[in-house]
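Quick one: the structure is below, questions incoming.
Read from first to last, the chains carry the letters A, B, C and D; within each, the first residue is number 1.
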């Protein structure tokens, strides 16, 4: 068969261009009450979760995203015991959180039951059984609502693994000052939050919206980004805390903490996290201050 | 007009996927004796040079590539006076080199007269007049042949701005041990070489071929990479030197040197370069040592 | 959502170009022992059957193909009682055959049980219950083998609704002189055969192979073609018979026969069939005799 | 080089799908005061004229369109001496008109000087020198204006080779009752008009608009269509006349007239034209009267 025949996913790669990925196999394709969810096998990237035609995670490179989302925030905290994940339906964020032996309880809140159920069924390669860990609790509900209504308090780390801030009007409230204030409400003193923050190169306004909102609510922020091969674009992350400055943990201490907690990573270690902090944020040319 | 009608460039974005970029305007399109050369305007990226259907540089983001290629190598050298550029037809590498006030002579060797002539005509936005700088000398000849035949010696910095190492059999000799030995021959003692090195994530074998060859010929190497938005993939760079270890220059000294030499950058500074060194190289999952 | 994002089918439209169709919904996608089978909903064309990434039939325009395949052959025969269909898994060819009240028995032989089962389930819009007609018998077996091994004789009309003659080496035997001789063996004296014959414009060699083979085995042939909107290319048909010359039935008689047999069509009538015969075959320029 | 890399033209193929054609070579690409005009070489179709990203004519298959546009109208007229072409910048319509030895004068009116000049230069393969025929007169002006302002009268045949009726609001006036009345004004008694009429399958409303307008102004109309391989869609034509019913000329007489006038065609003859008239118009399913 020809290289360019068959089923393809067409994704925007940033604002101006499109990315075509060959779908080798459709495993499941469902319209849930919230979104269109697909589990497919992508040429070169393996099993993948696609939501509303956007790649969320692929077997081949999800480790880059999930390790970078989870470990810096977990590791700058000296003893994360209680962790909240909002989003993260495929279970890979949960998997990374549970690597830390300090964790006693990890609450994951995802709005879409079907994403979670399908992931349990088709994405063992991602969750690796984390849903069955006795420390894990999975709630199916709107993250916004959870934060407003739960009586739980005292989260040490909060991980926001949400739809992109540029994904449309529905996404904005999840990156607002109001939301961050409510999240802070259920965090312990001396805790850490991290969020993915879209793509600073292609969506700088949305990125700065997130960053500035976090800065209004938290004392310290740390910004870093990477490129995710299957996304074709860069993904930014922001850590925020009133207690811990992400710049303060030196690489050796970072690695020692990972080591003590039994965390083995493919990508993230202390030097790399420090490097990414130093490397700074990539903006489009017209936004660079001269 | 519809978003998805008209003229498009289809480029491979790594090994498995394609990238579609809308061409807003064709400025020139020529078959030279060496390659097919196009000057176009790309949606969102501005004026661009395309060779054999691969984007080389775009007005919008070429600064990322050219600053990262040039300034680390130039700056870890304490006093680069004589610089050799092989490739770099659009004149942007030359532009960055000439920013350093220490430079007395910059020889640029490109095989394709028409790329250089067209760039002079259509890409002022890239070369910014660097071709007319009295310190610059532009030779139209095969870089391999130049290195073998020139009687010039004593280059402080050599910058290899060449076709990708995965671009086919013609590219391999430009990244071989033999080539690096010949280049070293015309370098001064205490000099620095830098090359772009393809994409370690999508073409790890080719990347490691380049790195290992450099390691056989030079004492120190420094590896770093970034993502180029219009390429959709990551680009790696390797610095090699017998005299200067890229890890040794601290960020403050780096910035001080840039400052003293009158170099003003959009992206590269000491912290960023150090960060990229620390961030390490990105490999596909199956190549990560456990 | 953008017009050009999401799931697309990329099909070759002739030899040189590609056709992109938006898939609105994936209904089922299965690898059978013989092929990859998909039931999807295509933008603008509705429910569709796709085999090995080629559109076979769409809700919107399958009537053009199926009426043109079936009714000319059925109607130039004065009294078709026993009909054999080879291929035609979605049941639409069977549906058109059964419109003729003269038909007492229609045997349909398709190699792929899953295509038939899935079509029963998902393509009611195509088969319209024809699988349940008491006159229909559906056999799951290789058409080549059926023709060689069956003890049935006396088919009045044979309809070959097969993979394209240019689809690869597996297709050739289904359009060979040997095959046509074997088919003739189980046809009654005074019977008619029809086959789809690929695309004379894009695959003229394969088309002429089919036509010349039929001419070697049958006395009369009649050639006609149309364009199928969802295929983007033309499709040719050839009628062959020892008894009936397709050119001999005049439009009025054609319509009268359809009328007497209770056949109501969307597209095919006597004038149109005569028109298509007269319009002749479309070849690429270099094959047109001067 | 890979089959799916490089420069592509993306065209809508009907309303719902896209057609990708590989551009082998860009010959010229210009923005004129009226439109964007490209002369390219297309894989499989040869040299091509593209206006506003829509293929107008390709070396490989333009004969189908131009012969079908010109010869039926010219031939049902017993003695066409004076012919008006509106549009047709590449000169191929003019070429076909001038084949008829009865023609004493052919006036071609095209709005875009650059299309005509470029065609003279790059599309000899299409115009074949027709611009230099002493019987030809080429005027650069708006066809609408020409029809309103010219003092010429007595055209025997008028050929409207215009932008598609579905191409946007600018196209509508060229297919209006008012326009047809004005054109009729400068036609001789006993004359014939023909227009291309878009795509009845994908744009039935626009097609019926054209047909109904012609029916209001002329006594007889004749409708026919074909598929143009490089367009991927069907193209309709309508002949209109107060004097000659297109259905009245029998195929033998048609061929005899062509023969007497020295016309040699690749595709059009009397039988084919009759066949296409008989084959009727193709509408989408929901518009077919039951």
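Operating definition for what follows: a contact is a pair of C-beta atoms (placed from the backbone, for glycine too) under 8 Å apart; a residue touches a chain by one contact, two chains touch by 3 or more.
All of these numbers come straight from a predicted model, not from anything done at the bench.
Peer 1: Return the chains shared as contacts by chain B and chain C, ordered by label.
Peer 2: Correct list: A, D.
Peer 1: Tally the contacting C-beta pairs at the A-C interface and at the A-D interface, and name the larger one.
Peer 2: Spelling it out, more C-beta pairs touch across A-C than across the other pair.
Peer 1: Please indicate which chain is farthest from chain B, where distance is taken between mean Cα coordinates of the chains.
Peer 2: Farthest from chain B by mean C-alpha position: C.
Peer 1: Taking each chain's centre as the mean position of its Cα atoms, how many Å separate chain C from chain D?
Peer 2: Computed value for the inter-centroid distance: 33 Å.
Peer 1: Using the average of all C-alpha atoms in each chain as its centre, how far is it in Å between chain A and chain C?
Peer 2: Taking the mean C-alpha position of each chain, the two centres sit 51 Å apart.
Peer 1: Could you give the separation in Å between the centres of chain A and chain D, each centre being the mean of its C-alpha atoms?
Peer 2: 57
Peer 1: Going by the contact rule already set, what residues in chain B reach two or more other chains?
Peer 2: 2, 4, 18, in rising order.
Peer 1: Please give the residue numbers of chain C that touch chain D in the complex, ascending.
Peer 2: Per the stated touch rule, the residues are 4, 13-22, 42-45, 60-61, 63-64, 201-202, 226-227, 229-230, 232-234, 251, 266-267, 271-272, 274-280, 282, 284-285, 288.
Peer 1: What does chain A use to touch chain D in their complex?
Peer 2: So the residues of chain A in touch with chain D come to 2-4.
Peer 1: Touching chain A in the complex: which residues of chain C?
Peer 2: Those residues of chain C that touch chain A are 1-2, 4-12, 18, 23, 25-26, 29, 31, 38, 52-53.
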